[in-house]
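All remarks here apply to the structure that follows.
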């Protein structure tokens, strides 16, 4: 098998580009959000949402101590309940990868590092690539990069393609998630196009937002990206993952995203290999809802550990 | 047996959905028909006007973007709240102007009437223009923005409602100066608005001295239109001249209610689009 | 990997109380029929009997028309602003009792609860709200003329949107000062009878709204009644023609909203994923039992294959089943008779050589059901491209140029609605100018709003419902 050329890949993005009608996409997302998920199917979804979670801390005040606490939450979200699974990954800044890796040793939880001048992406490419390399060297299993929105909005698709494909290359087999920062792209047409360019450049997952700007992830955005993933798979046979992140705090929101993925991409995407939710406070709400399902009582936030 | 001591109301401004006192800390005495003391009304300052304009500007985009149906229901809800609080409205009007029942009826019905205009104003006042060429061409009214309203001094309640309702109907956010002499019914009305799903800041009602406040409102550059129905005499000329600074629309009420009262608070937009394969 | 199955999420039915039997609602009271006859009304999803409803015979019809005539004097001379307030009250009570009404609508008609809850009932309330506002503003609807009510309006409505069609008929009629006798369809009488209760709750003067029940014979007696001034009918073109003949020479004012065979035209530059949603909504909304359904898909050849792939995949995600389940997309067919008609015409399609596609789906044992169906390889001369099926059946044809699309779209006796899907605004307007249809949707389909007029060209009928134009059906214009 030969690697497709850049021209070929960008041509593919052009061909699949198409347009998105905003009113229609939003109406479809709103319709899907009225799905009523109950009983067993809700329990299954809540548990899946935990397994798909990238437990995230991306604050200036993050310290190794904070990351160790979070790692324990990632491995055992509900210390008293061994039935609750671990989350998929712990997502941190590069400087904290080592601490995370040590704290998670022996668990199934992956270390994901944001890299490449997160969240703006406004550094020279060689520095961004070096940041990826060092995060990998420190033990990161997954890398969350951002595209250059400035270049993309200026029409420089080639540069975006180049950045993503070089990042995938230097990540050397580590799972690369590419953040489009959809809240800065302005239209669903552009979100679709950016999704296709990132996929054509070889990213393993496309991701909505850094969580640092508003609007972050929205349901119609996830829908449009899921549709792009589906069309890309039809055209190339390659299955790309989806990560939604930013502002997802409630179990209700998480389930709405799962419904969109389920009804757009199918059951094959309902796994941490192909779907992730980046969040910091979501896990406790998922735990509360699980307890509500089991006991029938509404719970109290103080019963869930804050790390 | 001692008589129960009544709790008296503090009359405040209605600003951004809240009921603050004037930032100036001032108030003025309001007297009844027989000259008796009724209450101290807040005496708004130029800074209160500034704050009210800021609140209106912030509230405006949401109100203008609300569907016509939604705005209609909010106006109708105002009528519902006025009807249930009509005892309060009547009492406030009665102690300054005497017989109040008819005035309150008319005030409520004004909101019902304009509730029905929100989703019809475009149909009646806009339309397709048959231009000579392969173009689709349509004209429709749009909200002007932030409007100042100086209603007539009396009848205190209907004068106010007959200006607030069409301004709301047209999707504007307003800063309203209450009757200086009879400000208390305006605050009773504000309490209806505040409990009627009207988003905070869409209507702001200030009480105070008109000769102090009107020039500030008229010269404020972030006010898009000013209704001078209640401005009298020499001050009219002054206000109209001040309005020119940012080309404010200057509006006065006509004798009859109707769609033109609404479009007075609106701007017409025309859109062209080609038709072709 | 496991499959994620949604657990059943049925809407509770306890909020609805259905009586064992009903009377006709005449002169502000539920009265037993002179006919002494009743018929059973069922839930088409379960075939369970819900209630017994009277058959109005000619004497019952006469009683209802007399009650309406009696009420006309005071109602039409009431201050328009006060009339408005009654209509506003109706709108508000429908909003208050919306969930109850939606559940009842779904139980009696078979439509998915998500549609009755999110579309039918909210729109019905909005319709009353909109026309309430017109009651005291008629001089702006008809400049230079005085709009007077006609008198007694006879209104016969279909079973596909029972409450919404009631609203379309009654709201403009009573807002303009008419009184009405309305006959709901024989398979779906229950929300109309609940509406009668609402009329009582709001204190509407007796006789302004009268609801009588029965099948075709009752409808015929009603429209024929000599003291009726206005007839409004929504239903099949066949019955519409009968009514038009019947009314010849009577001076009764008539509006007809009849059948359709709408073309949904997809150009190659269309936003395809949203077009797929529009096609699905166009033909599977209310199981395709919609007069303006987008039952003919005209797709540009260059994207036909791609679009059909997407459409077929989407069909596989449609959830058919219990209409009361909040996750149901496709509910029950309204009646056995309608199901038989759909089956017959689908059989004709297969015989004529069109290729049939149906996604795998489980059909419940009881009740009336038909799976979402697509016919490809259809040509203009096929009966499934010409006749209204009134079911979840889409006939797919292709075209190459705009002219061809217009020609094919217009090539039917009907002219109710049409759809256009393209990113190019000027093409939308060019096409809209040429399509012979009363409603043209661009990059959307099956949208309704009280402010927007609806009605057909050609054999789809005449007169408009909704909007300012909807008032015309209920007034005579005289010199001021």
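When the chains are written out, they are named A, B and C in that same order, and each has its own residue count from 1.
Basically, a contact is a pair of C-beta atoms (placed from the backbone, for glycine too) under 8 Å apart; a residue touches a chain by one contact, two chains touch by 3 or more.
These figures come from a predicted structure and were not determined experimentally.
The touch graph of these protein chains is an open line.
Distances from each chain's CA mean to the overall CA mean are smallest for chain C. The centroid of the Cα atoms in subunit A and the matching centroid in subunit C are 44 Å apart. Averaged Cα coordinates give subunit B a centre that lies 41 Å from the centre of subunit C.
Separation between the centroids of subunit A and subunit B, computed from CA atoms only, is 48 Å. Contact of a single residue of subunit C with at least two other chains is seen at no position. On the subunit C side of its complex with subunit A, the touching residues are 1-9, 114, 118, 269-274, 277-278, 309, 317, 326-327, 423, 443-444. Per the touch definition, subunit C reaches subunit B in the complex via residues 81, 84-85, 88, 126, 129-130, 132-137, 140-141, 402, 425-427, 429-430, 433, 450-451, 467-468.
Across the complex, subunit C is touched by residues 18-21, 23-25, 27-28, 34-42, 44-45, 48, 227, 234, 258, 262-263, 267-268, 270-271 of subunit A. Against subunit C, the residues of subunit B that register as touching in their complex are 68-69, 72-73, 76, 109, 112-113, 115-120, 123-124, 136, 258-259, 273-277.
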